[in-house]
Amino acid sequence: MTQSKTALVISAHAADFVWRCGGAIALHAAMGYEVTVVCLSFGERGESAKLWKQPGMTLDRVKAARRDEAERAAEKLGVHDLVSFDLGDYPLRLDDEDKFRLVDVIRRVQPAFMLSHSQYDPYNTDHMYATQVALETRMIAQAWGHNPGQKVLGASQLYLFEPHQTEQMGWKPDVFLDITEVWDRKRAAIECMEGQEHLWDFYTRVAQNRANHFQRNSGGQSSGRAAKYAEGFQSVFPRTVDEL
Amino acid sequence: MTQSKTALVISAHAADFVWRCGGAIALHAAMGYEVTVVCLSFGERGESAKLWKQPGMTLDRVKAARRDEAERAAEKLGVHDLVSFDLGDYPLRLDDEDKFRLVDVIRRVQPAFMLSHSQYDPYNTDHMYATQVALETRMIAQAWGHNPGQKVLGASQLYLFEPHQTEQMGWKPDVFLDITEVWDRKRAAIECMEGQEHLWDFYTRVAQNRANHFQRNSGGQSSGRAAKYAEGFQSVFPRTVDEL
Amino acid sequence: MTQSKTALVISAHAADFVWRCGGAIALHAAMGYEVTVVCLSFGERGESAKLWKQPGMTLDRVKAARRDEAERAAEKLGVHDLVSFDLGDYPLRLDDEDKFRLVDVIRRVQPAFMLSHSQYDPYNTDHMYATQVALETRMIAQAWGHNPGQKVLGASQLYLFEPHQTEQMGWKPDVFLDITEVWDRKRAAIECMEGQEHLWDFYTRVAQNRANHFQRNSGGQSSGRAAKYAEGFQSVFPRTVDEL
Amino acid sequence: MTQSKTALVISAHAADFVWRCGGAIALHAAMGYEVTVVCLSFGERGESAKLWKQPGMTLDRVKAARRDEAERAAEKLGVHDLVSFDLGDYPLRLDDEDKFRLVDVIRRVQPAFMLSHSQYDPYNTDHMYATQVALETRMIAQAWGHNPGQKVLGASQLYLFEPHQTEQMGWKPDVFLDITEVWDRKRAAIECMEGQEHLWDFYTRVAQNRANHFQRNSGGQSSGRAAKYAEGFQSVFPRTVDEL
Amino acid sequence: MTQSKTALVISAHAADFVWRCGGAIALHAAMGYEVTVVCLSFGERGESAKLWKQPGMTLDRVKAARRDEAERAAEKLGVHDLVSFDLGDYPLRLDDEDKFRLVDVIRRVQPAFMLSHSQYDPYNTDHMYATQVALETRMIAQAWGHNPGQKVLGASQLYLFEPHQTEQMGWKPDVFLDITEVWDRKRAAIECMEGQEHLWDFYTRVAQNRANHFQRNSGGQSSGRAAKYAEGFQSVFPRTVDEL
Amino acid sequence: MTQSKTALVISAHAADFVWRCGGAIALHAAMGYEVTVVCLSFGERGESAKLWKQPGMTLDRVKAARRDEAERAAEKLGVHDLVSFDLGDYPLRLDDEDKFRLVDVIRRVQPAFMLSHSQYDPYNTDHMYATQVALETRMIAQAWGHNPGQKVLGASQLYLFEPHQTEQMGWKPDVFLDITEVWDRKRAAIECMEGQEHLWDFYTRVAQNRANHFQRNSGGQSSGRAAKYAEGFQSVFPRTVDEL
């Protein structure tokens, strides 16, 4: 029996995985990866302004709506498993039990690579907190003495996906991924985010401009490949290779 | 006819390519790459102390000795073409004609990747100057209006090889290359550097410790590959990929 | 009825707002701003050495003395509202209830801009913690789902005021404010800080030297304005303008 | 007679001023500023690939075509004076006489602010060289002993306009300018760049996404102003103000 | 009676003090310093893989083995006092009582200098957390109002010792210490770390290569002192001197 | 015969050595050091505004006046040798012959340490250029093949002295030097700078505030030494020590 390759996304709020790495999810799903997405919260307090502007809105109704959007988007992208931790947002907080629960997911998935937020974000402290937690739980998942007997994690790369205002976050992409062939799926997932319609075209333009960067960095005007849509990522750890 | 893959090293002084990327050269040569090495100078004034301590030494004799060392080392490594620009060192200087000569080499080689020094080096301003020249000539080689009719360069990666005191240079490797299978060749090339015998064991230890880093970053105690010798490199430009 | 403009200072210890932005407070108060100052602690444990050297001193007496100093200084500066959270210092700690209390203040004030500490301070971890809290509570104050019905915060600038050893904190001012016309008030407020008399002249000199920087950056020897006293601030967020 | 306000753009190649600050030029021209643009070169060798792909092309014909494009774009934007230094590109070089000629322009214009490239650009060393020259000539223009009798320059801000791949250049905008009302002019100027049609939509998307950043930083979902097109800039020097 | 000089090491896990500053400990002990080492945890969960691979292993047995190793190593190095806080690792956590206990140690020791980890470590969040705690408890130890009557701490330097992959941690040494004369003791202490035998030679090579750096920075080929083993450290705070 | 210790200052303009390290010069001179000062230019064009405002001023008269000021200041400070290279300023330029002349000075002096400007200065490109030259000539002075037979330089520390607006230059002091006992000499030297009287008190305040930093970093309120005047310096290279 062939073992599937796997990947893991750690998303502070329900919609982040769609805007920031929906293409990577769909592309790897299409290649046969089983992609697990953990949403630490639904973004119910801080990223659901449109819902809250409706009269009589309640926290439970917002969460239900956001969960529904996330599930529909995950389906469009071919997410293998969408895990909602429902920990609350603005601020997001994980106690040790929450972290151990995340470690369990990491170990169960044994991801070839992980995806999370930028390491700095003065606009949204939940985002940088999620990345801090990703690093901490990755470390715990590697500890032989944590739940001995479980399979420990290897050295999965942690990619930081694109934040909303890249330069303000000190985020610098070192990998561009061509997502042209799965763009329709990403756009379909984006359109599930009914509460944030003002961002649909914004992130379409991001993908188009990243495709220009893809082309430039693969050869530019002499030999660059003409991607139409791309996503950028920043690696936290060095790569190990047999050929440069 | 199959086209060989190619690579290009731009080395400020004759010995730099041996200590800093001799393993990468030998490994890619063994894989069928044609690796060209440009030595901008012989390091005759600044990196030949042992020779200068001999009575009656002259600049020409130092240069001849350094050229000889470089040629023997290049042969051990399987260098396809060793090009000595003989521009003088401490300080190294290139005028526009020298730069265009380097552009000619770049275009002729059409390297899949290039290798040069760190971008900062307060101990050795020749090193950072060589990298500045590498970036400038890479840009000129991409210009359609420079010697129209020549084949322009695509978007070759520029890797920065390991400087002598990495932390002082702000150098941070993002790639580790396993050079175990060609280590004997690198050590043989190192031993051609008779004037700098005090560094033979130093750079052997560097390669051994980088192998530990290779293993850590490829999985550590759970699944890391046990390289015995490795080299580290820092990428200047982002990569373009179809799979993370 | 005309709405006053407002500003908010978040000060880790009782005296910080005086040394670091007393001029900005007095100047904006004079312009009609209502300036609210939140002192998260009195600095009773860590910044009251002179008091603790008196025999028989108690924590309550130190806090009372520090509160009294802060109130007198606030009056000199024209502070609209001085809010003492009395959370303790060295270390300063805010639990979620404390943070929500601060969010309430932010929302009530609806500040045109906020002021707090530098983002790094190895000498005083309370300072950098206060800024982290300022960013987190600013974010919560912007969340439509936090206490729905309250007026949410817009995009107030957060200015970082001058720390004691600027270069060690990585603090870089991008705005200089001329406080010449309110200098007497700042000096009067400074002199309320009886326990830290050794800093009165230090911060007077800071203001005089920042005035030199003001003049340099407004035109220097050809056209610079000769401010006598100034304060510097670092902006966290970009500005939005209609004219450069 | 009322003195016009003035601004100065220093552009390495003929098209840079269009993509990177065409909106700022048009907007300030519309406000009555006299905006001077210095093109240090036409970008004839390195940024005219489309022309060079035509058979029988010559350097003079490329330069003429690029000059023509630049002049038409400048007219669309309302540029007061377009000064072509014709110094050659890839690489761009200025000797002391060239620099003094630029100093003469700076002094004649007496700009309220200047605009040039990012301080780092590994893809295009002409760009970072132009900024280095901008800083050096700004300094010379301030020297009372350089051509005594000429009016010396004050402390003009130097804004760095948006490079092509912002994160790779370490460029971080701290000002967003709303260019909605002059967008038609910028787009018209962009369309004068016939040799680089592949960038027309790229920079349109940049302007649209910067408008989203404008809105976020002016209040976001609670009170942000809905700009449709914007440009970002990074300030080199601190501002001097009377109100925060 | 002469007062001994003192130093304090704050080590996240039991073995860190051996690899990273064992030479500094042994050297200062030999000079008459009383060196106290605080191990915040035994590294029982995350740094004891070899033990956990044994069948039937338990947390208590791992901790006992690690404690034993640490004690034997401390004896080899001449540690004056080895204090095991036994707080657990992966993740390491200190509540306020734990921190105050550490403050008590700091005040009792009154160290001339302190040693701890790098400020960033994406591989091991325990390490950077320990340094954050070192800064926070150093600050509390300086507070006159914390346990009034105790002797407050002065301005002890905090040196950051060498992490495992220096460049990934942003660690930059500014001091090299010659440990040649105590190398035998450090190696003996290293060999007490039976569970991490794969690192014995790694850290021997580190010490040899740092000795090369020592020699280079003390004069290189003209006058450098030929240390055989050295350690590097990064200072957090500036030094105060009477001679440069 | 006992050899004197020596130091070398490389100053872009005639007055820099006074404001920025006059205390270090006077203090080391008083300790028996022979301190050589190289002024690469007189600052005649860019730093002599007051003179140029006089009617009928000429370049020669400005240079004579600046030379005279520098010589009188040097005498007050106890400078052993003041060497004026008279290379012109705004911009300062050194060709290879000028650099080799500076190398000759460095080798003749054999400084225990060197002093020059910050590595970045957007206000004054002469300053950062001087430091670049200091690093380059230091390297050449270490080359055994440059003028063989001359005594080569060892590994002198290069200290960067305080620029005018420290934070804008990215300058971070890591050493504070107590200059209290020679303050009168520094002030006397400062008062020789008749053309820049507006800076006399500015730099007096700098020295007083740096003394506060000296006290803080030598123990603060518990044990800090009460310096009255101090100077700060940033080290480029690591130190080699036998005791931390």
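All chains are identified by letter, namely A, B, C, D, E and F, in their written order; residue positions are counted from 1 within each chain.
Throughout what follows, a residue touches a chain if its C-beta (ideal position, glycine included) is under 8 Å from a C-beta of that chain, and two chains touch if they have at least 3 such contacts.
In UniProt terms, the chains line up like this: A, B, C, D, E, F = PIG-L family deacetylase.
Owing to the predicted nature of the structure, the values given are computational and were not obtained by experimental measurement.
Enquirer: From chain D (PIG-L family deacetylase), what is the lowest number of touch steps before chain E (PIG-L family deacetylase) is reached?
Expert: The fewest touching-chain steps linking chain D (PIG-L family deacetylase) to chain E (PIG-L family deacetylase) number 2.
Enquirer: Considering only mean CA positions as chain centres, point out the chain farthest from chain F (PIG-L family deacetylase).
Expert: Checked the centroid distances; the maximum from chain F (PIG-L family deacetylase) is A.
Enquirer: Shared interface numbers for chain E (PIG-L family deacetylase) and chain F (PIG-L family deacetylase) above half of all numbers used, same, or below, different?
Expert: Copies use mostly the same positions to touch.
Enquirer: Which chain is most remote from chain D (PIG-L family deacetylase) in terms of Cα centres?
Expert: E
Enquirer: Taking each chain's centre as the mean position of its Cα atoms, how many Å separate chain C (PIG-L family deacetylase) from chain D (PIG-L family deacetylase)?
Expert: 37
Enquirer: Among the residues of chain F (PIG-L family deacetylase), pick out those that touch two or more other chains and give their numbers.
Expert: Within chain F (PIG-L family deacetylase), residues 49, 123, 142, 144, 168, 173, 213, 216, 221, 237-238 contact more than one other chain.
Enquirer: Draw the chains as points, connect those that touch, then say whether the picture is a line, ring, star, complete or other.
Expert: Basically it's none of the tidy shapes, so other.
Enquirer: By the document's touch rule, what are all the touching chain pairs in this structure?
Expert: Pairs flagged as touching, ordered by label: A-B, A-C, A-D, A-E, B-D, B-E, B-F, C-D, C-E, C-F, D-F, E-F.
Enquirer: Would you mind writing out the residues of chain F (PIG-L family deacetylase) in touch with chain B (PIG-L family deacetylase) in their complex?
Expert: 96, 99, 132, 135-136, 139-140, 142-146, 148, 158, 236-238
Enquirer: Could you list, by residue number, the parts of chain C (PIG-L family deacetylase) that touch chain F (PIG-L family deacetylase) in their complex?
Expert: 49, 123, 164-168, 170-173, 198, 201-202, 205-206, 208-209, 212-213, 216, 221
Enquirer: For chain A (PIG-L family deacetylase), which residues are in contact with chain B (PIG-L family deacetylase) within the complex?
Expert: Counting only chain A (PIG-L family deacetylase), the residues touching chain B (PIG-L family deacetylase) are 7, 24, 27-28, 31, 113, 142, 144, 151-155, 157, 159, 173-178, 213-214, 216-225, 227, 232-233, 235, 237-244.
Enquirer: In the complex of these two chains, what residues of chain F (PIG-L family deacetylase) are touching chain D (PIG-L family deacetylase)?
Expert: Touch residues, chain F (PIG-L family deacetylase) against chain D (PIG-L family deacetylase): 44-46, 48-49, 52-53, 57, 59, 62, 89-91, 93, 122-126, 168.
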